[in-house]
């Protein structure tokens, strides 16, 4: 058993709490700016064990970039590994997640990986469905299945607000359309993408998602297969090489587990064969990762010896 | 008098004609691909003199990037030098005309000059008018006035075709909208921009436009002022530093006159205080300039001692 | 036991052999160009087991970029994690290993990681010693200790040849000296760096090196600690995120083990807690990795289920 | 006659003087840092006229980047236009004068023009001579001839200081050596380059240099030809497109004359067919141009109608 007791986890949260004051809540849309700067929560999902949690675990937040991993899993299932990687590369970029430069300099034009915005938009464009409603249902059911939570749904306010203002994502989509990286209607892709980012979850949901990836796509409790091993493996690899924006390398050194963060302050972690972890703390560092969440994870990684390396 | 006789000019055209076979007609839209690869024409507009022409001067073609100079003149008149350069820089870029990189790397985000696509789109967004119809009328009347040709109009086929496929320009507009370089509706700006690029002219029209710039904004025949001296001067300066895509530096060395080219194969030149020149030859070199047109201009620059330097 | 029998391994090598014809032996210095294009060899070091090998295992070759991992281990031991990462970053770059661009664009100027040339040169400048002779001895003894092979030494011909022609590395050193990333004499640093790259090993040596990293810095046979766990962990992490030039992401997906390649055609792999693998095949792919070596590793990763993810 | 009287020029200097307090004297070497922040001087060289001067015209300063124009003139004379432009391009860059990025991104690797550091170093490598002493003599005599001042010589203190610390220029030289842009010994090229930059002149010398370029390479007083017309024309063109670092475009708009500045605070201007102007004021703006000098030139350009455009 990873986490021995509730008190221990609560003390870690208590000690990391002050870091929430050093970060900055994302404010590019009003719905995100409303988040509670001081919030810090963690859940650990260990199969067959009590799910330990500490902090404001009742808080809900949107997946944002964490949804990139889930959309990738769906696209890999829908059209297969080979077809996905015809459109999107496998390499870390060294650039910010919203950089457009490598779309111009890298030949042939192709987003370098599915965890940067350009790559994630291209992934979303590959999800099967005869229209956006079908594609969103496909994705939502997948998330509800992994989280074992049929209440998971899109926060329409956040989705609309992002859709109206995501000029940079539009810019990248049109750039990719010019170079045949994406086909289909840009506004439709953006609508689906902003909805996928606006799926609302809790820390516990994230921990459960992490656990499913940790156990290679199987429900950690029932052993039922939700998605193929290979899909889980690919997703976990990207989480290591590019999951934490352009702090991924440092995170791999300091924590050493597959993880994906979002600008809402969530972090989803999958410790292979062991546990899933969900983190929430909306105050971000300069790279866009939850500041207190990162500190808490560093602490937990040492205490529970979580690093893969 | 610059050009002594008709025969001389015709012999220059005849000698440069074979270069039309080395270039490549733009084919990114069908309407441009239809151009006659072998065409080569030139007109010289010298005030008070016969307008010498040689080659296929009856051919019509769209302004394309040459319109960037005219839209800049209108914007400078409409909102003034200071307001224009709040949104657009004054520096050559060293990058291709359709590069998006410096919008990301240059701080604050701002297109480097009005002759690259990003800058030209921003300029177009500054033209006054309560709607696109008014703005287009403003621009068309300006062009009809300069060319002294009320028949000049938009080729709707080219405009529509460019509008439908200009994903790269859309991408740059949304990128600039994100960074508040442009405000207003992107689709409207693109519609106006593609229409301005699709204004149809002949070599003679270009020569007359060049002459008006050469004479600081005055009608070279009647001395009537069409636009202010300062506007003419700014436009001619950009024509020297950035008029020939990223071959502007070489053109300044080898020819040495203010000039602006377009992918339809036109080149408009203003030899300060002396003449205007219009060139048409749709086969382009690698940088996007009329290949035979450049050779013809090199020859004429030497023969008539046109360089400013 | 990972590898069941000798025959199996030999059949993998036989099947991968034809790939040696698709690659290209590095020829930027004559000493490397002499390598046998058709060579392909592999060694597996499993503690307490027979060391299985197949192919031309008697071939010697120089470490080249594989030495970056070893120099990093020495520097981490010599001055500690914190001091090393004051000079060198932890992030993958997405650029070629010899790119100089991010030294200019990344602020403050700092090589992004120790596996690209700029970062490796900076690492080498941090190795302790009162002069180059001492520093080289320090490094050589470290390598002899890890390989358990006191015959390992520098190939002076290769070292001299690289030193005379490494203008790009000189360029990066002076760039870093300008920005205070490195101090000390550039020619001395280059001399040490080219010597470290020219250390000659065999496949078996590489396999043993991999095994020591796989077992967290301990001699896998005697359990004697050679370097600290933390050093081994950091090195393995960089091997995953940046070990295979800018094919590291793809390698992580397809093979999924910490590995470092060199332009001489060697690959050193550390499968955590299990085995070390040494590969040699000098015909390289476009990214600079041993082409047949990569194919062989893909095969072995599947056959022996080696991926960490 | 351009300048009507001494008093007028003095009043312009007096009015521009306060701008010297807004700039920053270059301090990367001690010899430059010693310059008098408050100094502002101007000389106008009009053939057959009194040479009007105002301000601290007795001050001496080193040519720095102004020497790039003179070395280019020498190299063009020595090996011809074609040979020079095999090694160096003709295009403005849009990047800072000491940027190394385009050497990597531009294919084939080639400095974009002779006014950025990389291009100027390549130009210097092309000056004829069997050794550095001969090459320096060649260059010095050229400068003494143009300035009609046989006392012009190298400031050894500045040269040595720059040589010892010019790691960035060394970096660019080695990068270019790798790509065969320059051949020969890098340290020798750097020695010659730092000496050329350290040639000491006064405002009056600069004005006279400008006048020789203004009159197409002829001594403006005696009409004796010093260098060919074509060389003068090429140099003036680069002064317009790239003479004022990456403020060249803005300078062309606002002043509109061929000019070259240096970090010592000098500006040399050639108004074609009319005058030469020398400026000195060591407090620089952010782009590296003399701040008060630029303001003074803007004023003079308007007052004397100097713009070419």
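For clarity, chains are labelled A, B, C and D in written order, and residue numbers in each chain start from 1.
We adopt the following convention: a residue touches a chain if its C-beta (ideal position, glycine included) is under 8 Å from a C-beta of that chain, and two chains touch if they have at least 3 such contacts.
In UniProt terms, the chains line up like this: A, B, C, D = Glutaminase.
Because the structure is a prediction, the values reported are computed rather than measured.
Comparing the CA-atom centres of all chains against that of subunit D (Glutaminase), the greatest distance is found for A.
A count of C-beta contacts for the chain pairs A-B and A-C puts A-C on top. Measuring from the averaged C-alpha position of subunit A (Glutaminase) to that of subunit B (Glutaminase) gives a distance of 48 Å. For the pair subunit A (Glutaminase) and subunit C (Glutaminase), the distance between mean C-alpha positions equals 32 Å.
Those residues of subunit A (Glutaminase) in touch with two or more other chains are numbered 105. The touch graph of these protein chains is a ring, one cycle where each chain has exactly two neighbours. Going by the touch rule set out above, the chain pairs that meet are A-B, A-C, B-D, C-D. Across the complex, subunit D (Glutaminase) meets subunit B (Glutaminase) through its residues 89-95, 102, 112-113, 233-234, 236-238, 240-242, 246-250, 252-253, 256, 258, 272, 307-309.
Within the complex formed with subunit C (Glutaminase), the subunit D (Glutaminase) residues making contact are 99-101, 103-105, 167-168, 170-175, 177-178.
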